[in-house]
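Each of the next two complexes has subunit A plus one more chain, namely subunit B in the first and subunit C in the second.
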Partner chain A sequence: MAIKLEIPTALRPFTGKQASVESDAATVGEALRRLTATYADLHKHLYTDDGRIRSFVNIYVNDEDIRYLEKENTPIKDGDTISIVPSIAGGRRR
Partner chain B sequence: MPIVTSTLAAADAARSLSKEEIQRYSRHLIMPEVGMEGQLKLARAKVLMIGAGGLGAPLGLYLAAAGVGRLGIVDFDVVDFTNLQRQITFSTSDVGRPKIEAAKERLAGLNPQIRIDTYRTRLTSENALDLFRDYDIIVDGTDNFPTRYLVNDACVLTGKPNVYGSIFRFEGQATVFNYPAGPCYRCLYPEPPPPGLVPSCAEGGVLGVLPGIVGAIQAMETIKLILGTGEPLAGRLLLFDALAMRFRELRLRKNPDCPICGERRTINQLIDYEEFCGIRGEEATPVTNGISEMTPRELKARLDHGDDLFILDVREPHEYQICHLNGHLIPLGDLPRRVSELDSSREIVAYCRSGKRSADAVEFLRQAGFRKIWNLKGGILAWSDEVDPSVPKY
Partner chain C sequence: MLLLSEEIGRGIREHGARGYPNEACGAMLGVDREENREVRALFPLINRRDDSPRNRFSVTAEDVRGAERAAAQQGLELIGWYHSHPDHPARPSDFDRDQAWPWYSYVIVSVAAGEPRDLTSWRLADDRSQFLPEEIAARAGAPPAK
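Showing the complex of A and B:
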C-alpha cells in the first residue's frame, strides 16, 4: 500500500477505533474523500457543509501543513504519511 | 533570543545565591548549561501559570523546585475528588479548598525561597493584559477553547511567549507559541471547533499520567526559555501518543494572514471569547428549545406510582458499568441507527450523566417524530443528589 493516514484519538470513534488507515490515493483530497466515503460519520468532523476542510482540523503530509503546500491538491507518494490533527483543549466534560 | 533578560531591570542583577540556595540547586549549578548564571536567571524569572489543574500540577512543582523566582497562578476552581487522579499537587485533605490555596501551600513547602502570587479568578478579557504584563512567560494549562484563544491573544498583544500544552484522552500536544517572530495559536488553528463537534464526556476523559508528561514538557520548555539554552519547541508542534508511546513533530508556520500576529492585524484588543467559540449560543438553545424536562423527583414519583415509562440511557457502555438507573442503553452516537428499538407510543425518559447528551437525544427523537419524550433534568448527577445518594457521581 502506498500511504498511511494517521487518525487522532478524537476521531477514532468514527473509524472503527483504527489509529491509522492505508490508502493508495494520489492526492491529499482524494485520500480524505475516500476515507470519509468509507467512514461516513467522519465526514462532518472533517468538512464543513459546503465541503471545505474545517478550520480546526489541520492536515499534514509528513511534517508539513497542506495549507503551505498545494492544499487538497497536494500530491502524495509512496511512503508518505497524512496526519489529521484537530485542535484539542483538555479534559473538560460536557 | 533571551526572553527573560530583555524584560528584566538590571536592578537585581547583582543578586547572588545564598549558601542554602547553592546547596538546593547544586545539581543545576554543576552543569555548565545552567551554572550560577543560569540559576540567577531562574531566580529573576517571572512565570504566570494559567490553570492549576492536570498540566499545572507538574508544571508548578518543577518550576518551584527549579527556583523560578516568581510564580503566578491563575485558577478559580476548588479541588474536587475527580481531580486527584491526575492533579498531583493536591492531597485528599485538599478537597473543597481553592486550588490556588492548596497549590501555594504545596509549592511554598517545596521551595520557601520563591515568591508565589495567586489569583483566584477566571482569566478574562478584562484582567488578562494587566496580569500578563507583570510576567516574562505565560504557560497555558487550561482545559477549554475560549481560554486558549484568550491566552494566545493576550500573549501576542503583550509580546509574551506562550508555552502551550493540551491533552485529550491518551494524546497530547505541546509547543511554544509567540516566541519572537514565531507562529501563534491562531496561526495553527484560526477558529475553534463549534461546540457540537467538541468531543462529549462520553468520548472525553484523560489518563492521569498524560498531563504529567505534557506538563513536564511545558516546564522543560519554560526553563529553557529562561536559560536561553537549547532549541526551543517553537515553530514545531510536538504530538504525543501515549498508547503507541510515540512522539512526532510537525512544522508550525507563521500564517502571514493571521488576524492577530500577521502582517495586517485585525484584532487589536481582546474580544468576547465565549462568543467567539459559540458557547453562549449553545447554552441558550437546548433549554429553551421546547424540550420537555422531568426532574429526578418527578421521575421517582411516577415510577413509584407504577406509570409505564421507558427509561433510555444514552451514555456509553463503560459508563453504564459505573452506575445506571435500569435504563435501556443506546449510546447517543448509535441512536440514529438504533431508533427502531424505541416505541414512540410509550412515554420515554432519556438520561445521561449530566442531562446534556440526553437533551441532544430528546431533540433528535423529537425531530424523528417522537412526541412523548422527556429529558431527565440534571441526569444521574441530579438523581444522586435528589433521589438516591447511593448512586455514585463520576
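Showing the complex of A and C:
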C-alpha cells in the first residue's frame, strides 16, 4: 500500500528537497509520525512542544481538510494523497 | 539577500498605506536562487482576521493555494509574504515568529499615521528560535511586475 505525502516548498529543505514522499501508513497521524521520524528536523515545524499539530499547519487528504474528517485518526488507503498546506498569520504586538 | 525593484517596494508600501489602520498582507512571487532570491510580482490578499485586523493578519490555506497557482502561472515560485505593522516598527513580533514558516521571506512595512516608512525582510531560523534579518537590495532594471 502506498500513499503520497506532498511537502510544501517551505519544508523541502528538511526533506532533502523532495516535493513528495511515499508512505505505507494506515492513518494520517501515522504517516506524519513516520515522516518526522525520517526527517527529524521537520518535527518542530509541524508540531507544538506538547505534540499537537500547529494551528497554521493544514493537512488535507485528497483535498479534504482532516479537521472535517477524523483528524489525525483519518484512515488512508492506497493511492491517497496527503497534502501539508500552510496558512500564514502574524501581526504586531498589542 | 532579497532583491526588490523600486516598483515592488512601492507596491508593498502602498498596500500597507491603503490598509491603514488595519494590517495589510500579500504574497511575494519570484525566483529563488542559491545566492539570492528576487521578488518579481506581488499577490495582494485580504486580511482574513476581521476580529482584530489592526494588530493581526491571517491568510487561509485556500489563499496560499491561490498564491501558489498564481506563481505557477507566471513561471514563478511563492517565495514569501509581506504584511504591514500599523503604528509599529518594521520588526517581527513574538507572535510573528510563533506563526512563521521556515524558508519564506517575511517582509514587514511599518505604517505610521497612514504613511509607509521602513521596509525590512526576515527569515525564520531553522530551529524557530528567532527571526534573522534578511538584507534587501535594490533590483535596478527589473522587468515590471505583472
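What we mean here is this: the second predicted complex is superposed on the first by the 86 of 94 C-alpha atoms of A that agree within 3 Å, B and C clash if a C-alpha of one lies under 4 Å from a C-alpha of the other, contacts with A are read in each partner's own complex, and residues count from 1 in each chain.
We take it that a contact is a pair of C-beta atoms (placed from the backbone, for glycine too) under 8 Å apart; a residue touches a chain by one contact, two chains touch by 3 or more.
Computed from a predicted model, the values in this text were never measured in an experiment.
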| item | value |
| --- | --- |
| Which of subunit B and subunit C A:Y39 touches, first, second, both or neither | neither |
| Which superposed partner A:Y68 touches (first subunit B, second subunit C, both, neither) | first |
| Partner chain(s) touched by A:A10 [first = subunit B, second = subunit C, both, neither] | both |
| Touched partner set for A:G90, first subunit B, second subunit C, both or neither | both |
| Residues of subunit A at both interfaces, subunit B in one complex, subunit C in the other | 8-10, 13, 41, 44-45, 55-56, 58, 60, 65, 85-94 |
| Subunit C - residues contacting subunit A, complex | 23, 25, 49, 52, 55-61, 63-65, 77-78, 81, 83, 85-86, 88, 92-96, 99-104, 106, 126-128 |
| Complex contact set, residues of subunit A against subunit B | 8-10, 13, 19, 41, 44-45, 54-56, 58, 60, 63-65, 67-68, 83, 85-94 |
| Residues of subunit A that touch subunit C when the two form their complex | 8-14, 41, 44-45, 55-56, 58, 60, 65, 85-94 |
| Subunit A partner contacts - residues on subunit B that touch it in the complex | 53-55, 142-145, 148, 166-171, 173, 188-193, 197-201, 203-206, 211, 237, 239, 241, 243-244, 248-253, 255, 333, 353-354, 356-357 |
